[in-house]
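Presented sequentially are two complexes of subunit A, the first with subunit B as partner and the second with subunit C.
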Partner chain A sequence: MSTFVDRLGIDRLRQWLPLTTLVILVILVGALQPVFLQPATLLQLASDTAVLFILATGVTFVIMLGGIDLSIQSMASLASVVVALTVARFGYGAFALAIGLGLLAGLLSGIAHVRLKIPSFIATLAMGGVLYSSALVISGERSIMLADAERSYQSWITGTVFGAPGVIIIGLVVLIVAHVLQAHTRFGRYSAAIGAGEPAAYASGVKVGRQKIFAFVLSGGFAALAGVVLAGRLASGSPTLAAELLLPSIAAVVVGGTAITGGVGSIWRTLVGALIISVVRIGMTFLGVNIFAQNIVFGVVLIVAVAITIDRSKIPIVK
Partner chain B sequence: MNASSPEPVLSLINVDKRFPGVHALKQVSIDLRPGEVVGLIGENGAGKSTLMKILSGVYQHDAGEIRVGGRPTRFLDAADANSQGIGMVFQEQSLLTNLSVGENIYLGNEKQFTRFGIMNWRTLYDAAARQLAKVKVDVDPRARAEDLDFASRQMVELAKALTLEERGAGHLIILLDEPTSVLERAEIEILFARVRALKSRASFIFVSHRLDEVLELSDRIYVMKDGAVVAERNAAEADVTELHQLMVGRSLQAEYYREPLQKTYRAEIAVEAHNLSLAGAYRDISFQLHRGEILGIAGVIGSGREELTRTLAGFAPHGSGRLAVDGREVTLRSPAEAVDSGIGYIPRERRVEGLVLFLPVAANITLADLESLSRHGLIDAREERRLAISWVERLKVRTPSINTLCLNLSGGNQQKVVLAKWLNAKAKVLVLDHPTRGLDVGAKEEVYDLVRAVTTEGLAVILTSDTLEETIGLSHTVLVMRDGEITHRASANPGAKPRQVDLIGHMV
Partner chain C sequence: MSTPTTSATSALPDATPAKHVSRFRLASWAPVIVLVLLCIIIASINPNFLSFGNFVRISQAAMIPLVLGLGATFIILMGSIDLSVEGVLTLAAVILSMLVLNGANGNDYGLLAVLAVLVIGAAVGFVNGVIHVKLKVPSFMTTLGIWFIGVGAANALLGGMAIRINDPMIRGLAIERFLGFARGVWLALACLGVALVVQNYTRLGRHIYALGGGEELAALSGISVARVRIMAFMLAGVFYAIGGILAAAQLGLGNAQIGNGRLFTTVTAVVVGGTALSGGQGSVLQTLVGVLIVVVLANGMVLMGVPPSVQIGVQGLMIIAAVALSIDRKLMRIVK
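Presenting the complex of A and B:
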């Protein structure tokens, strides 16, 4: 019985570790740079986190059921290019087109994974290559700046609503929608069940393949939305616009406490994880760490977070 | 048998092994003499596998003594067991199918064929050919293992075990664990002939569910039950029926299986099978299962009853014949289709297929029927909680709360959660696949009570069980299967249960 209590204690501790880490980081960076704790800086932090959070949210659905989506940064970049190329002609329709493409790419990844039984990391690695090249080809391998007239369509991203930046509102809407999907629908429940015990979910009559495909569709859609938002914030589209975001996105999911093996996790954890990544990034900037060296830190953080969050004694073979 | 017997090559003296909650081996004493084949039989859970795992170095015994050639020892791992002359031929064939026969034979012992780290393949294949000659099998050592039939693979495994001779292990002890389960009769003959021919080189421990084969090959037979050796017989003096009775042991206790609660079943037919067949598994299976009836399927391993169970649960659709559930003809292509037809599956692998261990009790109970909990696409959390609490109370699931992970429940309580899941999904038919496996006596009795209760309410139950005794005790009707066909049907009314010996005659 005592081991049972011990385990419960450790599990509790694990659960609160990400939030505790976030609070400590905020206090730490705030102590070093008091300007960090000013409302304007915090608002800026939230705005900067939004794109990362949206990307991470999409991939959270896939990770929850034990898969991975490596195509998200390419999808986001492609979406930015599509917006930049078509917003003059289609207006707001450009956003719908970009997000529609994301949903389609996710659907194809999902079908490749489920119907052709290709491991998700291969299916989405390949899809990522396809999307990246598509972005290169249609953009003519260049960055496309948005003209002033075109920027007016971006006001829902770049403007403010009641003083709050639009991008934060978008992030909040994503949070609410994703949370409801994950915590209050059959899809969310089935995802958790599949991630934690696929054979039992299958034997209970859950249509496993369908849930998996839907998760990839969501991941593709959110990745495209992230690209759209990024295009708005940077007033441009480029095939490499989101190029450095894959590693931080997956790190955000895992640092938040969602198990990379699936089954355990939530959108809230991803929010906390994304904020941790942002604070670390800003902290490094304050400390003068070379911006190009930051992925070294995120790589290390990812390894450490996975090592802490999973109980490897239950996993005899890792491939 | 007597004082003039030669010194045993292997002796187990009061060997004891415990796992958390289970006393797996109780004071087991077994002798193996030079050139002898000793048969080891017992039902599932009797302790045979644990014993084999101790002899092959997977587990270590807690108490008692193991002697090899008179010298006390223990086996730290498979390599250690090998070095002490223990070879293994296992049912789950251990050959790597993507490697050649020769590579398989010397897997892990290639060093003798290397110079400066470079393999000399010719010497390896020459040596492999010599090993294959020992078992008189005509197989090219360069052939890939996957291109061999099962019988040849089994011979290759035997040849692999015999390489221990070259490694100076002395007189070999070879463990044959269900080596015949995938073989045809003619192939079995060949295997047995080879084993007999090898008696001058080795002694064998032969584990099999097929009692006739054990009798045929063994010199002496040990019968295990509930972790202990309950009998020892010379093969020449034993017969199948006696052995089976020794294995099964207990006399049937009506009270234990809640016979007084066995009510007459209803007239309505829940499941009807007509000439159901699945290639390689079973054929021409016909039965009617009525509401409130428990239909037990008896049979040994390979009788086809396991596959029939999986068909009814939606894992292996039947090939030909007709299957009707609630009067509607169906082909169950997936568990989802079985669930839609009103069939609930209580699997033998409770912790893998029964429950999502890392989800709470409540989520497991509602997993098979979230549709009726959904309002406008959202799960009604309050209703879910109410349902989960009511099932936990009704089935007396002992859990700290409905939010406890199923991982933390005992086996019996886990099984109640699986049952609650199907009752909540309003299943009309339950497929019980070894429902009491790994449960202690008290938990078993609770499962029996619940099964009786749900059948009284009109559920139809199909039962395959670890023990014949349980099958007879619980069922209204018993189907006996052998080699994929139904060989006998017996009604099992309270007070007029068929005798085990009568059914065994149709099983083997």
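Presenting the complex of A and C:
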């Protein structure tokens, strides 16, 4: 396996494999179902990808550092519940409240990880439990439908701007903001440095802890935004609204070519990864695969993508 | 209740053994003290806690987390993690419900079905281990994938249905009593016995401690690291499958939601018991204490009228507190 990958040149493979895969998948699905290639369907595809992309973007920042955030789906669900419960009272303030909660939860995960030195997967697994429990308690363990009056506040998500669905515009704004953060700021470069070699970054004077905490804050904030958008699209909030999105989000990041070991990756790759996941999902729906059984495919895709992109020289002992 | 095992202490790399041993003793007794305090507090608030009926309830709530925790303990002792608990458990419960006497098809394989389910648990564990070791994929990623593959496969088999189990032997695990406790509780205790024997008296058990204590050293000492890892994941898979059988017995049916939330309880129980995520420290007896802490706390919250949905959040905080207290930070400069 690894020799085969080495012969191909692992860097070149990492660079172009995701995009090639996406193009081949689009052509394949298009050949099977010509409807798929019509502009309306492609626009629908982009809309459907937005939530996944926003979630995956947040977790990309954490994965770039070599960590992981397993609490994003619980955060997104909690945000949807918060919006559904408070939009009647606070109007647009409800969205700010939900996203503020996301930033706070990310801050707490980051502090638990950095200051208490708890491995990120366990800190965020625990934080996910706390968030899920909060969502269950405040929602009374049920899903909350939005009333018509409350839906008017969702027009920036459900409406259209110059013919483009609002959700696509939100996705594009997230793409630009996240790309600038990741590629053109000190934080972005430090993240890549920490992911590539934490001791070296530390020795060069990078405040490793602060960068890590900021990455978790971003992850929490983007997860909450994804929850807000999801609540707008489904016109409801529920403690399990985003429950099926954790695996596809992480898969999107990894399939895009961002290595789970950190250091290598970008927001563009995550966009490509999210599109691949969406096209695969639509392709399976065309083929009539049960929506729950689709998790089998995503599980396999995740493991294969990690196996291809992982930098084994960085982990002499794999645990 | 639990005594620190000598094999755990000997596997610890540390320059000052005397100091470390005392630290280790305290760390391994702390969960027992927490458990006793918890019992005293709950009993003083609600004396019903100490009734025999409540002990039976606690034992029934503890049997599945215990069996799952035993499997996960071996993985965590190696310094790895297994997130596939729910996947294996769900798959096992669903396949069991399809093979024993049930309400959906004509199968009635009885014990043979149980055996098949155990083999499936071992097979999934084998897949976990092989992907993890041969492709060098970190265990949390491998098992995250397998988790969803397992639940997805169970869903695909069921097609959205739930299958009622009519087999008297399986149902008996939850309904029939022996000396006042359900048969399933005795099965869980038997599993604890098996896990103790594996941990203390077999080469696999010793090698698992050795890997957790220092993998390079273990490899240089001639231990086949790959084989130990794969076997540990297979062992854990069998325990999760038994957990699946017990869960199916308790619920009386197999459905795809049967595993929901069980990973969380399992990880909480193992780390609250004092088994370190960094590997090498801990034991299955400590997991028993951890399971009892989690279950007694949940039971006490029910007695005090706290809604069950709060328990998940409390468990989350317990994970953070337990891990923060148990990690030996001198051994790890980089935390990922």
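General observations
Basically, the second predicted complex is superposed on the first by the 305 of 319 C-alpha atoms of A that agree within 3 Å, B and C clash if a C-alpha of one lies under 4 Å from a C-alpha of the other, contacts with A are read in each partner's own complex, and residues count from 1 in each chain.
Keep this in mind: a residue touches a chain if its C-beta (ideal position, glycine included) is under 8 Å from a C-beta of that chain, and two chains touch if they have at least 3 such contacts.
Remember, predicted model here, so these are calculated numbers, not experimental data.
In the superposed model, C is the one of subunit B and subunit C that contacts more residues of subunit A. By the touch criterion stated above, A:180 is placed in contact with subunit B alone, subunit C being left untouched.
In the superposition on chain A, contact of A:201 is made with subunit B only, not with subunit C. Once the two complexes are laid over each other on the shared chain, residue contacts for A:120 go to subunit C alone; subunit B is not touched. Once chain A of one complex is fitted onto chain A of the other, the partner contacts of A:189 are limited to subunit B, with no touch recorded for subunit C.
Residues 199 of subunit A lie at the contact with subunit B in one complex and at the contact with subunit C in the other. By the touch criterion given at the top, residues 1-2, 66-68, 112-114, 116-123, 125-130, 132-134, 136-137, 141, 198-199, 247, 250, 260, 262, 290, 292-300, 302-303, 306-307, 310, 312, 315-319 of subunit A touch subunit C in their complex. Contact residues of subunit B toward subunit A in the complex are 313, 315, 334-336, 338-340, 345, 347, 349, 352-359, 363, 367-368, 370-371, 374, 377-379, 381, 408, 421, 425. Looking at the complex, you find that subunit C touches subunit A at residues 78-81, 131-142, 144-149, 151-153, 155-156, 159-160, 215-216, 256, 264, 267, 271, 277, 279, 307, 309-317, 319-320, 323-324, 327, 329, 332-336.
Residues of subunit A touching subunit B in their complex: 4, 180, 184-186, 189-190, 192-193, 196-197, 199-207, 263-264.
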